[in-house]
Every structure is written in structure tokens, then in C-alpha cells.
Amino acid sequence: MFEFFNSPEVINIIVIIGSMLLFFVGLFGLLTQKHIIKIFMSIAIMETAVYLFFIGSLFKLDAIAPIMKVADDTSKFNDPIPHAMILTAIVIAMAVFALGVSFAIEYYKLSGKTNIDTMNEMRH
Amino acid sequence: MSIKRSLSTLTLSGFTLSALLILSFINILLQNVATNIERAGDGLLKLNSSEGVANVVTTVVVYFRGFDTLGEIAVLFIASLGVGLMLERNTECTIKVQSNFMLQSASKLLFPIIIIFGLYVMIYGHLSPGGGFQGGVLVASAVLLLLISNKDLEVPHAVISALETLAGVSYVLIGLMGLLLSDVFLFNFLSPNIADFGLLLSGGIIPIVYIIVGIKVGSEMGFIVQNLLKRSDDV
Amino acid sequence: MMINLSNYALGHIVLALEMSHLANFFAVLILLSMGTLLFLVKNYALPKSFYALSALLSTSLFLIVYAADYLLFFIGWEVMSITTYFLLSFSVSQKTLHKYIIFAMSSALALFIAILMIYSTQQSFLYSDARESFELMGEFQGVFFLVLILFAIFVKLGVIGFHYWLVDAYEEAHDIFTAFLSAVLSKMGVYALIILVVKVTQPMLALAIIGVMTSIIATFKAIQEDSVKRVLAYSSIAQLGYIVTVLGVADGMSGALYHSLIHTAVKLLLFINIAGVIYMTGRDKFSQLGGLIYKMPQSFVLLLIGIIVLAGMPPLGGFSSKFLIYSALLDTKYLLLLSGVMFSSASAFLYIYKLIYGVYLGHPSHKKLESAKEVSLSFLLPQYLLAFILITLGTFPALIVPYINEILLESSLTTLSFTHAGELISAFAQFNGLIVMSAFGTIFVLVVIFFVSTRSKAKEAKNRFDIAYCGEEPDESTHLHYGYSMGKELARVGILRAIIKNSSSHFYEYLGKQTLSFAELFRKIYSGKLSVNFNIAILFLLLLLWGSLR
Amino acid sequence: MSSVLFVALPLLFGFSTPILGYFGKNAVAYVSTLMQLFLLYLGFDLLLNEGFSIELISIAPPLGISFVVTKVSLLFVLLFTSVMTLFSLYYLSYRSEKPYRDESKFFILINMLLAASIGLVLSSDIFNIYVFFEIAGISAYILSAYEKSSSALEAGIKYLITGAVASIFLIFAIVLIYIYIGSLNLGIIAQHFELLPFQIKLLISILLLIGFGFKVEIFPLNFWVSDVYQGSSTLVNALFSAIVVKAYLFVFFHLLYLFLPHGEFSLFLIYLGAFSMLAAEVAGLRQSHLKRLFAYSSLGQVALVFTAFALQNTQAIQAALFIVLAHSVAKMGIFFALALIEKEHESMESETLKSLNSPFLRVILLISMLSLLGIPLFAGFVGKLLVLKSLALEGMLPIIMMIILASLIEAVYYFKLAGYMFTSDKRRDVLKVTWAHKTILAFLSLLLLIIGMAPFLLSEYLFEASKLMLGGVS
Amino acid sequence: MIGLIILGTFITVIIIAFSAVIEKRVSHSIILFMGVGLGSVVLFFVFKAPDVALTEAVIGSGISSLIFLMALKHLGEKA
């Protein structure tokens, strides 16, 4: 009965539903949470979901990781572009979070607030 | 009533909105499952066999889409600059983490292992999984471990700065060299020899650039983490 | 003569300038006012920017007049509005200034919409295509177009309901500039009415009714005012009301043009005169003036000429234009309108009398007024010139008929018949200016002789408190001058009270308040919480997705 | 000369700043300015010599990344470079009195912003666009929080969180594009986009709209903007409204024209833009803080540009380009002048203008505001006229009325400021403006007047550019 | 088999992520977030993307969580 789960179509469906549910969790956190770190975390979860969706949708069951043994061997590899893109995106996301966290720390020093909904001093 | 009291309007609306959105996404995606089409990746795989290195992802990251990586380096650079700008204090606040014996001895034991693993990942990035990003971060985290455990130790700012400057400038210069030599920015002007495929010294500028990237990423990461650590102690 | 400017424009827009007779007529009005007002300039220490802005203003006026397409007209119109704003800003309070600019910008932008509507039907801004474009518009669009255009013009003319800005601006503006505002800028409204409405559409009864209402209401509003400039401002509105009325009926163009000329001259005369009084005494309220006849006799005579014209009495030029207006109204058999105009004309005496009595006759209300002197020649000379024009037009009312005929011919309207310069002929009547003038002149001379001969025997008061006052001794705080409460009793008449007490300002203040609280709502959205903002964003995404999937 | 230098040189400058630091305090400032001048020269050189070129990076497209230089992208590149050069020249004089902390970092950031904006405009690879999107974003976050005051940090945090969320939607769209089309090259995507299943096409378009919508400040996604403008330092605001948002606008519509050449969503976007304009101006009506006020005015102008671009025909695009130019110049003038006023008066409430004693600054502010308002004789009028003209040709009367109503509201609050400036007589001491500042401000105002009076100098070029933009060369 | 692994890991990751989001104590939720990262590392590995898996392990869940923890030490739990 487990053979059912091994067909590419089913795996694709699992990936789509799973990653979208993860995206939902992140989005839910973004919309409802208040603590700034949890906001960043929710954004990170959403991003992870997108990455999983990307890699998961494009991987082929019978293919192998894109590391060639010989120069003229081009078949049966997973698409390397998603990997490269996600690599870049992960690092960029981390950089943004580091920056955001440092803003938050400095802001906390000045005002003592970590709740994003109370960050509205400039209501003119 | 009790549900209404414990859940705020915002939570409810957030839940409803995100759930509806995701359901529509899932609906659309399930109705239009992607077919197997010829993608750019296949072209790059073919291209890689003529002028790349064993790890195709490395070729893509460093060479075929090297410009993205340059931009990514720039993002990291700007972020670490911003973190420095935000958290830098001229007051001398040394690290006051009260590290215990366990941590101290474990870090002494682990430090060389992680460093060596990091360097391996960095240098063999074009042959096996891994590369500059991961290696750089691993090396940085090894140093970080040492920093946490040994409170007298601090990596001088000048060293990090020198490393990052060197790496950054040489990356752009390599790119400009390509422009100068063959009118294409970031061109692999070291003309890779396919016979070397799978060897440590193969792929022209690819391993060199990835090591540069590793140095850059490691130093930026070290800078960011050091700043955050320093800052988080002078509460 | 037409000058095509399309080489300098962009986006396939054809622009052109044209020197028509109509344009020349209004250009003459502009030049007349500028020429006369230039005499006054040296009496005031005006900043340099005032001159620069005035130059820009007159350029924009000429652009309005000579434009042969809507776009250049609009450019001129908007530049005129903005320049006026800065010219007003030299003396006007912030509130009035803000009021002015809101109305001026609404006017300009309404005009812009209308112009774009014209453009959208025929892809042309030219006047020559306008009539056709208007006919191509649908029923609703056509009405909407007219509403927009009329709104723009009414604001500039200060038609009742849209005069909220006008009276305050006239009162507070620099004395020279008030004259210019009344004499020229309001004429641009008339010109716009002719070019944009009369030439494009059929005669509209509604326009005539609005004109009559304006002149009646403005007349009664004027009676209540204490400030000289405000009275003149309302009088301007009333006079322009006549022009609007006559433009609303067929064959009214000649009367409108004639009256524009007369009104320009007479308002220049009156405002220059009042400017002289204010320059001498520093006061601009009726209750603070009075008894200046002995101090400023020449000014008195000139003002007398001015108000005779303003009242539209024969023998001076005012009657000539009124004559044309009346006969145009008679011609179209709108007798109710005619009686309205006549009623307003007659009621005008109430405030006209106030002008001469409040300023020059009666008791001086303050000691300071006794030291006033006759104004300098720079004030008198332009007034003499204008008085000469007005008297000439009274004597030879048909002097400008050949010229008006050319304008009418150009717009393919029926011309006035012309025999000689002294005789003005309309469809129903004719009057000979020469005869009327000589008759009135004789009577006038006789009256003056009688007055002078009796006056020499009258006892002359040495002190201004040398009067019987119900057995009490009047002092400085007593209002001796009748001008103080003149016309107040009129408010007891029911309909007049309704006119005087109600004001469009309540409506505009209410509108302003509502707009601001609406703005407050948006301001709150814009400084909301971050999580609420994200909720809105996701909702937007959802709506988009579902909206387009359906 | 290669167009890659536009990105490579600022990066090189940024990376090598520690070395430059050894050569003295001013070396960084002067090298940065010289580099920007060189880039300006490079831009004109490209304009005069070629006008069109494709610059390869690493390998040939469609597999690799390439820079496409056309007349329209060059227009934006030149705009950004000259804005940045003027900014640097202005700051060189400003810094002698009130420099930023850690000046070299400031110079790095503005150059990174420049590089990223140019990269956004030139790049023909959608993932590369994402990377530049992030670089521009991250430099803008830091610039916005640069003063480290609590309001600046608040602005920075809000900007950063919004930007991060926007980038998720953008990368989601890119992921879908790669999954369903299999390429990242804009040209290839454009060819295949129409063949996609309708739902996927819709999903990608909407995700792109949301991703870029946060950045192009369109109505339900622009609530962060006013806080960011108010919290950031005044000079930096000039960059935000003259460079950053323009780059995002260009990219968004470049992608739109490529992917949906038949204008499927055109009508919706036009209404969205017009409504955004109206909403922003209405919100601005009650403002008393100058920077926030001009933030709303920026929102309004950007929405107008959005409407014009959304019309998707050459004349409207030409109009949009006119407004882009006029708005950049005018906003620079305004924020430069406001920076001087803020330095002197230490307040940004609109009542500050009542006591402003500098006829020069008053005139500069006035000219810029009149241009923003679209008063004839100033550059803004040309753009607004052309937009409304093309709307009239399409017969979209409601849109015209919304835009005009928004302009009227805009006029109300601008003229309130003008009233403060020109009627009150309680003035402080004369605010001295250095000759360098005077020259730059006068140049900006003169530019507004020249474009306004002689639009035919530019219209030919802009028309060519708009044709290219609509034609979708990539 | 591989399908089951993917399914199971996805379920785990989603549950961990949800508990991370709704967890009141931020420090706990950061640890849970690290778990999300590790779960996705497994998934990336199963999807035959070792490079991404390594990066996610080191940067996505490692350094990111570390940064959050260090920040939390300063900011405090209270929202």
C-alpha cells in the first residue's frame, strides 16, 4: 500500500499541500503575532515553505543530486538552478533578519518596545 | 463566548484570511500541476560538462549565475555594515558569558574539527556538496565557539575588516578582469581544462571565487555575530 | 490672423493663437485698466516682486484673450489664478487667501475636465472644432460639460453662491489690485462665457435666470455692508449679473460687450477714487468717513459721475449699455427677467447713494478727516480720463457700434444698425445721446446754480458737534454719521432679510468640515498598526484572486 | 564601455572603503563623488554612442544573466546617476556643518542604492532582479534608520518587515515562473507567458503585483510609506522618492508590458492607481508634519505615474516618463530645501514655514510645489496634461475626475504651506544658504522651468523611449 | 517509501512550525523554529539537494536561530 506514496504525482501533491500549509502557518504568524522576533520567525517560515515548494516541485524521483562524475555526463541530474537560487535566497534572508534584529535591539534600547503594534510613535 | 474572549479579532481575521488564501493557492496549484518541460537548468547541465566543475550547483552559483552571487555578497556586506552601524559602541564591553568547564574543554576539542570541516567544505565546494557560503559560516561559527568559551579572546576588528575588504575587492577585480580580457564581466578567463574534471585544481576561476566568497561570508558573519554578542551583554 | 504653434507642442496637440476682433476688444479693456492703474503706482511703495507678478499676470491675460484653442486658454487661466494668488498674498489674510485659492483651483480644474471632455470627442483643442465636438457629446456628457464650464466661470465672476471668496478678497486686496480684479479679471470670466459657452451652445434661459438672481441678491447684500470696498465688490457682482443675464438670451452679445466696457471704466473710476480716499484718510468704512466734499471736491465730482454711470441713468454711458440690455431682453420677450433687471437696477440706488453720502456728504465722523486734502494728480488724472470716456459714450453712444458690429459679424450674429455716432438704435427703440445729454446738462447746470445761490445764505457749522442732537451733547463716541446704519431697516422686509441673513458661507464651512473629518479617517488608516496593514494587504490579495478567477 | 560598470564600480567602491579610509577623512567622499561623475559620463557616453546594447555577464543569455541597455533604461540610469551625483555634491557642502555619523558607511550605502537601482533597471534576468530588489531594499532600510533615533529606527523596522514580506511574494512568483516556464530570462518568459494556464498566469501576476506593490507604494500596500518618510532623515527622503521608487516602478511595468502585452489587467490597474492617488491626497489633507506631508504627496505622484503606465500606450508612457522626471527633480528640490530648514529650525511642523526667513528657499519650495501640482509653466504640467490627454482619448472620464479631484486636494494643502510662507511676518533671522546649495537648488528649479516651458526638447526622446518600453525589448 | 518519508517530515515540520508560532514563550519558539529548519534540511536532503540542505542547516536554521536567540537575550520575552 505504500507504493501509492511513491508515484511522482502523489509526491507532488504532498509537496504542494505540505509547503502551502507551512506557508499558511507562517502567514498566520505574521498576521497575528506581536513580538518582533516572532514576526521575523514567521517570515522565515514562509520563506522556507517557498523553498521547499520550489525544490520539491522540481525534483525527479529517478534523478540524483547534480554532482557529476565525468565531464560528459548530463543525464539524470536534478535541476541545479533551483538549488543555486535557494542558496542565494537563504543567505539574503539571513542577512535581512540579522539587520532587522539589530534594528529591534537598538529600538528596544531607546523605547523599550518589542511589540510591533505599539510601534507607532509617529502618528501625526 | 469563551472562544471569543480568548481569541482576539485580529487572530480570527488573520486565521481566516491566511487560510482562505492558502486554500486558493492550493486549489490553483493542484489544478495546474507542472509538466516536465525543458528548463534552463538542463541547458546549464550541458554547458557545465564543457566548462564546469563536478558540483554543478557550484558552477551555477559561482559562474553561470555569478552575478547573483556578487549581489548576494553585497547584501551580506551591507547587512553587516548595518549591524555594525546599529550595534557598534566605542565602550569596551568584553564578553562576559560565564562559560563553564564543559564548554571550555568541548570548544577546545571541537574548534579544530569544525575549522577543518569548514575549510574542507569551502575548498572542495566545486567537487562535493557545500562551498564558500557553508564553509565560511562554519569557520565563522568555530571562531564564535572559541569566543564564547574564552572570554579574553576577541578577534580584532582590523583583521575581519582586512579579510572582508580583500575578499570583496578581489571578487570585483576578478569580474573586471574578465571584462578587460574578453569583454564579458565575470568571465572564466582561466580557460578551464576539461581533462581536469573532478580534480581539486579545475574549473578555472570557479574554486578561487568560491574561496573568496567563503572568506567574505565568513568574515561578514563573524562580524555580525560578534557585534550581536557584544551588544547582548551590556544590558 | 492665426499663428500655429504645433511645432512647439508635443503629443500631436495643435495649438494656435488668433487675433479676432473679440479678442482685441478684451485686450483693449486690459490695456485700458493697466494704463490707468499705472498712474497710481508711484504713490505706493510696492515690492519688486509685485511688478514682476503683475507682468506675468498681464501676459497670462493676453494669452487667455488671444488663445485660439482651449489648452492655451487653460494655461492662461491657471497662470492667472496662481499669479492672482501671489498678488493677493501681499496684503490679504491667510484665511481669505486660502479661500480664494481653493475656489480658483476648483475653477481651473473644472475647466480642465471640461476641456478634456471636448478633446476626447474630436481629439482637438481648437475653438473651431468645439461646436462640433459639443454636438457629438451625449446628452449627459453635454450637460456635465456645461455644468463644469459654468462652475469655472461663475467662480471667476463671483456669481451668487460662488462669491464666497470674492468679497473678502476684494476688501483685503491692495487698493490698486482690487481695481484690477474688478475691472479686468472679472471680464476674463465674461470672455470665457462668450468663448466657451455662448459660442458653443444655444442661448440658455437658465443662464439668464442665474444672472438676474445674482444681480438682485448682490444688490441687497451690498446695502448691508459697511466697508466701501465690499459694497463695490457686491456692485461688481451685480453688474456682472446683468452681463450674464444678457448673454443667456439670443442677440445679447452687443449689450454684454458694451456693458463690459462701461463696467471696466466705471469700476476703475470708482476704485481709483476710493483708493484716493483711503490713501488720504487711511479709512475704508462708511462709518468712519464722511464730509469729505469740501476737502476733496474734484474727487466728489468724479465719484458722482461714476455712480451715475453705475446706476445706469441717462445721460452718461451707463444708460447706453443698459439700453442695449433692456432691448435684448425685450426682444426675447422674457419680461419677468426684464423686470428683475430693472428692479435690481433701481434697488442699486440704495447702495449707490450710500457711496456718495457715506464718503463725501454728511458729517465727518472723526476729527482726523478734517485735515484731509485733495488727492494728487496721479489719482485724479486717470479718473478724469475715465470720466471723459464715460461722458463721451453717453453723448455719442453709438461711437463704438461699428466696432461691436465687426465682432458680431465675426460670430455671425445680427448686427446693430448704425446711423451716426450720437444715436443708438435697437430693435424697439432708439435714443439720441446728444439730445439727452444736452437736456440733462441744462437741468444740471440750473440745479447747480440754484444750489450755489441758496447755499451761500445757509448757516455754516463751525464745529462738527455744532448740531442739535435730542438735547444731548454729542461726543467722539456718538455715531453722527448716517452712513453707519444706513439701509439697516431694509432687513425688516421678509424677503430681503432672507437674502441678507443667509449666506453661502455656511454651506462651504460645512463642506470643509466634512471633508476634513473624511481626511481624518484616511489619516488614521495610514498611521495604523503594522499587523492591521498586513491584514488589509492579504485581504486585497484574496479579493484580487477571487475577483479575477470568477 | 560596458554597462556592467554601473554596478561593478559602486560595489568595488563599497568593498574597498576600508582601504580608502587610510587616505584621510575626505578620501571616501571625494572618491565616491568622482565615481558618480564618471558613471554619469559613462551614461552619456552610452547614450551618444550606441543607445542599444546587450551586455553579457559570465555566459550568453538566455542561460546567463545579461544587462540590456535601451533608450528607456538609459533614461532611468541617467536619471538615477544624475540625482545621486547632485545629492553627493549637495551633501559635500552640507556635511561640513552637519555630517552623518560614520560617513564612509553612508557613502557606501548611497552607492549601493545607486548600483541596485541601476541593476534593477538594466537586468534582464528575473532572479537577478530579485537580488537587486533586495540590495536596494536593504540599503534603503539602513538609510532610513541611519540616524538611530527612535523614530528613525521605527521607520527602519517597518520598512524592513514590509520589504521582507514583499520579497517573499516576489520570490514565490519567481519560483512559479521557473516551475511553469523553466527560464529566468525575461525574453523567454515573455514568449511563454501567454501560453500558461489561465489560473497560473493570474497567480503569478497577482503575486508580482503584491511583491512590487509594496515597493511601488500602491494603495492598500503603502501604509508604511508615511512612517518611513517621517522617520528617515530629510536628505535621504530625496533619494527614496527620486530613485528607489522610480526604479521599482520601472521594473514593475517593464515586467507587466513583457508578460501581459495585451493589457489584461490594464483597467483594474488604472483604477487602482487613480484611487491610490485620491486616497493618498485625502490622507495628506490633515497633515502638519512636513516630511509626512510630502510622503503623501509622493504617494500621490507615484500613483499618477502608476496610472499612466497602466494605460499601456505610448503616449501615456511618455507622459509617465515626464512625470517621473519632473517628480524626481521637484522632490529633490523640496527635500534639499527642507533639510536646510530642519537644520536651522530643528522642527518639521508646517508652522515652521511661518518663521522661515529666506526668500530663496521659499521660492525654491514654491516652484517645486507648483510643479508637483501640475501648474502650467512647470515641468509637472506637461506630464499631467499628457496623462489626462491619453485618458481622455480612452474616454475614461471617471479616472480623469478622480485625478483632478486629487490634484485639487493636493492644491489645498500645498497652498496652505504657500500661505504660511508668504503671508506671515513673524520671521526669524535670515537663514543663510551657501552658494553651493544655492547653485544646486537653483539648477533644480531652473530645470523644472525649462522642461515646463520647452517640453519639446525632451518629448522626442521620451517618445522613442516609451515605444521601446512598450515594445518590450529585453 | 520516499513518499512516506516526505509526508511524515512535512507533517512534523508543519506541527513544529505551528507550535513555534503559537508558543507564548519566544525562547521556546525559537528552539522550535530551529526544529523547523532541521526538518526542512531533511526534506531538502530527500529532494536530492545536498547543497541547499547544508546551507539551510548552517545558515537557515543555524545562524538565523542563533541571531534570534542573541537578540532575544536582549529584547526579553514580553511583547
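Lettered A, B, C, D and E in written order, each chain numbered from 1.
Keep in mind that, in the parts below, contacts are C-beta pairs under 8 Å (C-beta built on N, C-alpha and C of every residue); 3 or more make two chains touch, one makes a residue touch a chain.
Here the structure is a predicted model, which means the values were calculated and not measured.
Peer 1: Go through the assembly and pull out the chains touching chain B as well as chain C.
Peer 2: Where chain B and chain C share a partner, that partner set is A, D.
Peer 1: Which chains are shared contacts of chain D and chain E?
Peer 2: In this structure, the chains that contact chain E and also chain D are A, B.
Peer 1: Report back the single chain whose CA centre is most distant from the CA centre of chain E.
Peer 2: C
Peer 1: Which one of the chains is closest to the middle, using the mean of its C-alpha atoms?
Peer 2: Centroid comparison flags D as closest.
Peer 1: Report the chain whose mean Cα position is at the greatest distance from that of chain D.
Peer 2: C
Peer 1: Counting C-beta pairs in contact, which chain pair has more, A-C or B-D?
Peer 2: B-D
Peer 1: If you average the CA atoms of chain C and of chain D, how many Å lie between those two points?
Peer 2: 45
Peer 1: Indicate the whole-number Å distance between the mean C-alpha point of chain A and the mean C-alpha point of chain E.
Peer 2: Result: the chain centres lie 10 Å from each other.
Peer 1: So what's the Cα centroid distance for chain B and chain E, whole Å?
Peer 2: Roughly 18 Å, centre to centre.
Peer 1: Please compute the C-alpha centroid of chain A, do the same for chain D, then give the distance between them in whole Å.
Peer 2: Each chain reduced to its C-alpha mean, chain A and chain D end up 30 Å apart.
Peer 1: If a residue has to touch 2 or more other chains to count, which residues of chain E qualify?
Peer 2: 50-51, 55, 59, 63, 67, 70-71, 74
Peer 1: At least two other chains touched by the same residue of chain A: list those residues.
Peer 2: 21, 27-28, 30-34, 36, 40, 57-58, 65, 67, 81-83, 85, 87-88, 91-93, 95-96, 98-99, 101-106, 116, 119-120, 122, 124
Peer 1: Residue numbers in chain C touching 2 or more other chains?
Peer 2: In chain C, 527-528, 530-532, 534-535, 538-539, 541, 545, 549 touch at least two other chains.
Peer 1: Every touching chain pair, please?
Peer 2: A-B, A-C, A-D, A-E, B-C, B-D, B-E, C-D
Peer 1: Show which residues of chain D lie in contact with chain A when the two form their complex.
Peer 2: Its residues touching chain A are 127, 130-131, 134, 137-138, 141-142, 145, 148-151, 153-158, 160-161, 163-165, 167-168, 171-172, 174-175, 178-179, 184, 227, 230-231, 287-289, 292.
Peer 1: Given the complex with chain C, which residues does chain D contribute to the contact?
Peer 2: So the residues of chain D in touch with chain C come to 158, 161-162, 165, 199, 202-203, 206, 209-210, 214, 220-221, 223-224, 226-227, 265, 279, 282-287, 296, 315, 318-319, 370, 375-377, 381-382, 385-386, 388-389, 391-393, 395, 397, 400-401, 404, 407-408, 411-412, 415-416, 418-420, 422-424, 454-456, 459.
Peer 1: Could you list, by residue number, the parts of chain A that touch chain C in their complex?
Peer 2: Touching chain C from chain A are residues 27, 30-34, 116-117, 119-120, 122-124.
Peer 1: Under the touch definition given earlier, write down the residues of chain C that touch chain B in their complex.
Peer 2: 531-532, 535, 538-539, 541-542, 545-546, 549
Peer 1: Would you pull the chain B residues touching chain C in the complex into a rising list?
Peer 2: My answer: residues 10, 13-14, 17-18, 20-21, 24.
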